Every structure is written in structure tokens, then in C-alpha cells.
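Next come two complexes, and both contain chain A; in the first it sits with chain B, in the second with chain C.
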Partner chain A sequence: MARRKGRGASRAAACVLVAVQLAIVVVTLGVMAVWSFADAWPWPQLAPQAWSLRGYAIVFSGSSDGWPSLALSVGIGAASSLVATVAGAMGARAVCCHEWRGKGVFRLATMLPFLIPGTVFAMGVQVAFIRMGLARTVPGVVLAHAIVALPYASALMIDVVRARGTRLDDAARLLGAGRVATLFQVSIPSLAPGLLSALSMGFIISCSQYFLTLLVGGGKVRTFALAMFPYVAGGDRTIAAAYGVIFMVVTLAVFCVFRLLLRRLSWNADDAVLYE
Partner chain B sequence: MRAASAEEGLRRRRRAVRLAPYALALPAAALAAVFVYGVVVGVLQGFGIMPSLGMNAFTFDYYAQALARPDFTASIGYSLYLSAVSSAIALAGGVLLAWALTTMRARTAVRMASLQVPILTMHALVALAVAFLFSGSGLVSRLLADPAAQSAAQSAFSVVGDPSGWGIVAVYAWKEIPYVAFCTVTIMMHVSGTLGEAAAMSGASPARSFFSVTLPLCAPAAVQAFVVVAAFSFGSYEVVYLLGPTYPKTLPVLAYMEFQDPDLVNRCYAMALNGITTGVCALTAAVYFIAARVQRRQEGSRG
Partner chain C sequence: MKIELDDIRVVRGGRTIIDGLGFTVPEGAFASILGPSGAGKSTLLGVVAGLLVQDSGSVRFDGQAVDALPAHKRGVAMVFQDARLFPHMSVGDNVAFPLKARGVAKAARRAEAAEWLARVQLAGFADRRVQELSGGQKQRVALARALAAHPRALLLDEPFSGLDEALRDAMRQLVRSLHEQTGVTTLMVTHDAMEALVMSDTVAYVHEGGLAQVGAPVDLLLHPAAPCVAESFGGARALEGTVRAGAFSRGSLQMPAPGVADGPAVLVRTAAGSVAVHAVEGGGAHAAL
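Then we have the complex of A and B:
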């Protein structure tokens, strides 16, 4: 009896904690949303005195490069997450399904961007990219973002590949399927949950990069994060908040698309839970 | 003839099998190589090696200069303090949140909103929101405002530029508690549904079953997430730049200041600071790999 009471109490505590967490998320993002529509909000008023769409109008007007930078961010995010996911998936197959020399070093190397700060990498790689002709170019930024996303993609794909093994692939090959057919009809579908998670994670990481994009792109590759940052750093609060809301809407929309695809593709509900 | 070609074919197959993992590892290895190359070029510059400027002599001068800076101790201390406090809060809060989600058997939508949404919010935006809430003219200061006060400048507190750095810690906590929870909640749900349930059936109290069974099995995942958070908060730029005080500055902010200096030789100095940052992170990385090894051993013993 006492035990059941203890369990009920801990369940209640858990619900309170989760509710607090949800409230913190909602309040934080809510304040940003309110500011994005505020025209005048003088101190010490608790609510804006006037509302307007000024912030959004400026983001998408000619004076600010909202649209082109948003399109560029989506493009760079898609390209870099694809590179990181493909590299991560192939690497995961090498790590989980083969025994070879240098495997330990390889795993360490792919995890390095987790452990050495992006600022160190960004300042160092700038010179290297100038030498390679990648500085101030979109491909250079894509490459840099893919590198930062690699450890996430690797970790995710190693989990998924380890859970899957290569049984299905081996069966398909034994039954006479060619390499290409096996890849597209067996391997990729069976890894789809992990691939989709890695893609959406890579996309989010790419969109959030400010410092790395600034250094590698030299200010010339103006992604959404770069266009937004001056406003966040002390410019107009309404415009900064409008940028923020648009950033959240776009990344959330992309995330939801991937979620829907994931749900469609996973025939096994457990997998969906495991890899979301 | 046929036997020879069969043997040739077999040999080719064997070679293909042997080389397959290397071919698979190639793209990721190439990306990692670019990363290492970038870091190494930077670290070498810290030792005064900049071939493009004709500097090829190895020297510790820049490290000596960096260490001798009057604000160096304050700077590294502040970086360590922010990183340690943020990642400790992230670890404790993350495990707690994962426990809460596991215990209430949260639906997917709840988990999405409480974990995924913070994960996909950009750090700079969280800093912006924290400023909206806690800056001198922020919402909280408005709530607490003395009606007699005429301007935001007279308000009691402001998170922006506060040397205690609690605004920075708040941003990292907001971002990284969900991250740690995200990294642990899957395994925690699994363990608590199987072994935790078994412990409960055998008469363990919920607390005992959590601390003796569930937590130890989730610890490696949580520690790995903790190390990632620690390295990140030690070495990242945006949040500290947006909310940090003018003194002391964290190491990355200091390094970037020197890096931007028109005098290119100052880059060596910036890179020496980066080298020190890398050294600190390498130490945390060692912890990470010990944790990873422990986890792998556990996985091995679990079959």
C-alpha cells in the first residue's frame, strides 16, 4: 500500500517536472513571438503598447536579405546534412560490420568535432580553406557544416546499424539481388529511421551555425543565422524577434516533415520510438 | 586456364572484402581529416609556424605571452567556471528530466515539445529570449519594477553583462538539459521497462530501483552527453559574446578578438589561446573515451 503511494507520488512529481519544462519552453519562445509583433513596448509596461508587422516586413523587404539568406540556409543545410549522413552511414557500416585495422582511430576521428570546440576549428580551418580555395564559397561552408554534423550522424547511424546488422542485406544478396538493388531496396529502407534522424539533426546543426559560417564564409556566404545575428547582438528587438520566429518556424517545419516521413516509413513502432 | 582464372577471381574477391571497410570509411575519414587539418594548422600557428608569412621557426613565445597576459587567469577561470556550472546543471537536470519523462510514460508529443524543440532552437535565439526576460528592460525587471523608477537603467538587475554569468548558464541549461535528457531517455525507458520493472517486482522501492539499477545503466550515456556539453560550453562563442561581461572574457572570445586584429602576427597569439582551449577539451575528451569504453564493456557483458 505504502509502495503504491510512493509510486503515485513519484508519478505526480514527474508530471510536475515535465510541466515545468514545457512551461519554460513555451514562455521563452512565447516572449520571442510577442516581441516579434510588438511595435512599441516601453518600459515598464507589461504588454506592448502597439502592435505591427514591421519586424517581418523588414526581414523580407529589400533592405534586409531575409528571403535569399533563408533559401541559402535551407540549401546549405540540405547539402551538408546529406554529406554528413551518407558519410556517417557508410562509416557506421564499416565500424559495425567489419573488422579492420585503424577502426579505433577512425571512431575517435569522427567524434573529434564533438570534443574540440567549433571556434578552434573555425579559426584554424580559415587559413586552410583559403589555401584550398574553399574560403568564402558555398561549397566551403557546406563542407565545414558537414564536418560539424558528422559526429551526430555517426553516433546515430552506428546505433541503428548495430541494431539492424546486415542480415537483410546478406539475404537479399543470397537471393540474387544485385549490389545496387540491395542498396536501394534493402539497405537504405532498413536504415531509413536512422538516416532520417541524422538528416534532420544535420539540417538543424547547419542552420544554427553562426561563428563557423562567419569565418569560413568570410561574411560573403550570408546564411539566415548571419543575417539574423547583428539584430540579436543589439539591434532592433522587434526585427531580431521576427528573425527568431521565422528561424523556429522553418526548422520546426523541416523537423515535422522528417517526423512524418519517419512515421510513414517505420513499419515497426518500436523503431520509431528508438530513433526519433 | 579456368582454374587459374577462378583462383584469380577468388583472390580479387578476397581483396575486395579486405578493402571494403576502408572504402566505406573513406568519406567520413576525409571529413575528419579536414577537421584535423584545420585544427593542426591552427595549433601550429600557435607555435609560430605560418609558412604564408615566411614564419617557420618553432617557438613557445606565443604560449608564454598568452599565459603571461594579466587577464589570462581570470579568463580561463571564467571559462572553466561557466563550463563546469553549465554542464553540471545540464547533467543533473537532464537525468532528472529523463527520469520524469520515463516515470510519467510521456507521450511522444510531450517528449517532442520538451526535448526536441529546445534542441532545434539556436543558441543565439535562447540568449535573445533570456535577454527579453531578464535584461534591465526585460519582462522580469518590469514585473519587479519600482513604480517610481523612471527608466530601465534604474532597474534592480540585468542579465546582460553580469559578471556572475548566470544568464549564460541559464541559456546553456535551457539548451543542454533537454540534450542530456534526449541522450539518456531512450535507454532509460528501455532499462526501466525491463530491469527496473524486474527490480520492482523483486521488492525494490522505486527510489532504490532507480538508483541501483536504472541510473548505473544510463550513466555512461549521460556522462558522454555531459562531456559533449562541457566541451561545447567551454569553447563556444555566441552566447558569451551576447550576454557576457566585458571582463573577464572567456578564452574563445579573447582568441577571436586577437584573431581579428589587423596585425597577422596576432593570429599566432590567438592560436596559442586556442591551443590552450584544445588542451582543456582534450582532457575532457579522455573522460569521454573512458566512459565510452565502460559502456562498450557493459554492452559486451549484456550480450
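Then we have the complex of A and C:
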């Protein structure tokens, strides 16, 4: 009896914690969604006094760079996540399947962007990119975002590659498949769930970069986060919230596409759980 | 294809895993590499396959050195302990994979894959997902896939050790009968002495990276050349078979059993190492060997 009571209490505590966490996420996003349609919402009113589509109209009007910056963000996100995932996958193969000198140092190096404060890292990247002529260019921003996404991609891929090893590659080669056929018909498809996870992670990380984009892009590469910032800082909450809602919808849509692909490519329930 | 291993030496991480080992598998034979785990058996098979590069010595196929050839050009196929089916392909596509690698047209490779599946008693399984198969079925698909590669030699790396005993016996018979049908030279790694005895024409006993004895299964059983070979048969073991015209047989194992009547019989090996064949019926007639 006492035991059941104890279990009930812990259950209630768990429910409260989940509710608090949900509230933090859902209420925040909900308030932002409401703000994006509000024309006037003076304090201390609980609901906006007037509604309008002004925010969305401005984001997508010719005077603002809503559409081009959104396209640029999606493009940079796609390119940088691809670079990070390919580099991460190759690094993971090197770490898991081969023995070589300096392997430990290499592993640490891939994790460094995790460990170094973002600002310090961004400044270092900026200085290096100015010297290389990559500063204030889209490829420079793509590369910088890829470096930030790389630790996530390699950590993910190292887990996946370590679990799979080269077992299937060996099997394919002993059935007469050359290196290229093995890569495209066996290695990549068998790692596909991990690769997709790394891609979607890289995309989301790229989309949420503000400071790094500002520093490396020098204000010339105007991604969605950059286009949005003046409205957030300048206090026009309706426009800022409209930007925020669109941003959220786009990243969620990309995430859902990846999830759908992942589900189709996962061969069994265990795999799906592993990579989610 | 005749496989010759000549003075193979493999050193990994400062440890000698295989130490100057050599033997020959005759064309069309079924040979086993027998030994305890950690003796270097699988390493040796990896060297034959081209997955591992030996530190010295040479591997020859039909008299030609293949040491410089990468794995996919050696023309050998392997069945692993863990079936290693490709999880993103159907059963049929798995079996057709080696045919695709050789550039066989789609219709032809589907037809041939179906044929190989029928030969391992899995007719109609081509469209199944690999994940739906049981352990024994997976191993049979792996066998069909390896044979579909039309290998010059078939390598088996402990192919039955993941299966339960009843299934193992059926698989042994299937592998042996496919060997007799196709005539492909087969080299199997196993730690199970009885398995090596009933399946092989030749057994090579590997111990601590060296060759302890190589010969016909009967020789290893009746005249073990080293204590480790005798010990590999374990304590008392019994093997059911049949006697016909004064000879006991079980699988490919044949041994003389003079004076024992035709019919079911049991080969008994005592813990002390003596071997005898007993008739199951007919008043305990037996032949000590």
C-alpha cells in the first residue's frame, strides 16, 4: 500500500516536471505566435488589443529581405550540414576502422569547437578567414558553420560507424564489389540513418548561428537570423515575432522531412530508436 | 582451385599471431582449419581472403601467388559467423549482389538469385526483408549469396556457431551436399572437432599460431600427433552413424569397423583416447580401433 502511494507520488512529480518543461517550450513559442499577429498589445492586457498581418506583410514585402535571406539560410544550412556530415563520416571511419599515429589528438581536435567558447572561436575563424580571403563571402560562412556543426556530426558518426564497423564492407568486397561499388551500394546506404541525423543536426545548427555569421559574413552575408535581429533589438515585436514564426516553421519542416526519410530508411525499430 | 599457404607469418601489435604456417588444400576438397579460439584460425582465413595482409609468406591459388591481389579480385567468397546480410536490401537483392558486381543484367540476376535461394531451401523468399529471417535462414541466405558469386573457393568462418544444435546439424548437411554438387574448393574454420571430422576431407589443426597436425579426419582421431589435438576431441564423445560392409560412416567421415554388422552404429571415443565402433542392434558387436 505504502509502495503504491510512493509510486503515485513519484508519478505526480514526474508529471509536474514534464508539464513545467512543456510550458517553458510551448508557452514561449505560443506567445511568439500570438505576438506575430498582434498590432497592439499594451501591458498589462492579457490579450492583444488589435490584430494585424503587418509583421508578415513586412517580412515578405519587397522592402525587407525576408525571402532572399530565408533562401540564403536554407542554402547555407544545406551546404554546411553536407560539408560537416561528409567530413564527420570520413573522420569517423578513420578513427574507428584504422590504427594510426595521432588518432587521439585528431579526436580531440574534432571536439574542440565544443570546448572553446563560441565568441573566441568566431574571432579566431574570422582572423583566419580574412587572411584566406574567405571573410565576407558565402563559402566562408558555409565553412564556418560546418566547423561548428562538425563536432556534432563526428560524435554522431563515430557512434554509428563504431556500431557497424567494416563488417558489411568486408562482406561486399569478398563478393566481388570494388571500392566504389562498395562505397555507394553498401557503406553509404548502411550508414544512411546516421548520415541523415547528422545532416538534420547540421542544418539546425547552421540556421541558429547569429554571431558567427555576423563576424565571418561581415554583415554582407545576410541570413534569416541576421535579417531578424534588428527587429528583435529595435523593439518591433510584431515583425520580430513574424520572423521567428517563419523561421520556426521552416526548420521544423526540414526536421520533419528528415524524420520521414529516417523512418523509411530505418530497417527496424531498434535502429530508428538508436538514431532519433 | 588448389589453395597453397606457404610459411605465412602475421604479427599484430608486436604479437605473433601466425608463426610460419603452411599447408595445401587440394582442388575440390573440403578442408577445415580446426583449433581452440585465439589460435589464429580466423586470421589465417582473412589472409586467404585478402582482408588481412600477412607480414611474410605467400598465398597461392592454383600455383599463382595472389598476395598482391585485393580481396575483391581474388575470386573467393566468404560466409561469416554473423551472416552479414545487407540490411537495406531484400533477401533476393542480397543474393543477387555478387551478380550485380559482375555486371549481370537485372532479369538474369533475379532469376539466378531465385535459383540459389531454392537450393538452400528458401524458395520464394526473394522479396522478404532480411530482418524477418531467423538465424538459420539468414545463414542460408549468406551461403546462397556466397555461392552466387561463383567463387573459385568458398571460405566459411565458424558458419554454424551462432545456431542451436538441431539447426547446426541440418546446416552441416546442407553445406556438405552443396559442396558435393558444386565441387567448389571449401575451407572452413571451426573450433568444433566433431564438426571438422564429419564434414572435411582434410583437417589442419592450428595451435598457438602454428600447425600441430594436418591430415584426414580419421588420422587426427586415431593417431593424434600432439596432445593438443587429442584434447580437442574433449572427454568421452559419441557419434551416431551407420556401418556398411565393415566401414563406419557419418557425413564425410569414413572409418574401418571390421566385424561390425551393417546398420546403425555409434562411434565412441573414451576420455582416455581409445576409439571403438559399436553396433546399436545385434548384441553389442564392436570393433576397437
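The criterion applied here is as follows: the second predicted complex is superposed on the first by the 262 of 276 C-alpha atoms of A that agree within 3 Å, B and C clash if a C-alpha of one lies under 4 Å from a C-alpha of the other, contacts with A are read in each partner's own complex, and residues count from 1 in each chain.
The definition used in the following text is that a contact is a pair of C-beta atoms (placed from the backbone, for glycine too) under 8 Å apart; a residue touches a chain by one contact, two chains touch by 3 or more.
Since we're looking at a predicted model, the values are computed, not measured.
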First (chain B), second (chain C), both or neither touched by A:124: first
Touching partner for A:24 - first (chain B), second (chain C), both, neither: first
Partner chain(s) touched by A:113 [first = chain B, second = chain C, both, neither]: first
Which superposed partner A:78 touches (first chain B, second chain C, both, neither): neither
Chain B versus chain C as contact partner of A:163, first or second or both or neither: neither
Of chain C and chain B, partner touching more chain A residues: B
Partner chain(s) touched by A:190 [first = chain B, second = chain C, both, neither]: second
Which superposed partner A:261 touches (first chain B, second chain C, both, neither): neither
Touching partner for A:250 - first (chain B), second (chain C), both, neither: neither
Contact set on chain C toward chain A in their complex: 49, 51, 70-72, 75-78, 80, 82, 84, 86-88, 97-98, 100-102, 129-131, 145-146, 149, 155
Contacting residues of chain A [partner chain B, same complex]: 3, 6-7, 10-11, 13-15, 17-18, 21-22, 24-25, 27-29, 31-32, 35, 43-46, 83-84, 86-88, 90-91, 93-95, 97-100, 103, 106, 108-125, 127-129, 131, 143, 146-147, 150, 154, 204, 207-208, 210-211, 225, 228-229, 232-233, 237, 240-241, 244, 247-248, 251-252, 255, 259, 273-274, 276
Chain B residues touching chain A - in the complex, by the definition given at the top: 18, 20-22, 24-43, 45, 52, 96-97, 99-104, 106, 108, 110-114, 116-130, 132-133, 137, 139, 141-143, 145, 147, 149, 151-152, 155, 174, 177-178, 186, 189, 205-207, 227-228, 231-232, 234-238, 241-242, 252, 255-256, 259, 270-271, 274, 277-278, 281-282, 284-285, 288-289
Residues of chain A that touch chain C when the two form their complex: 167-168, 170-179, 181-182, 185-186, 189-190, 192, 265, 267-268
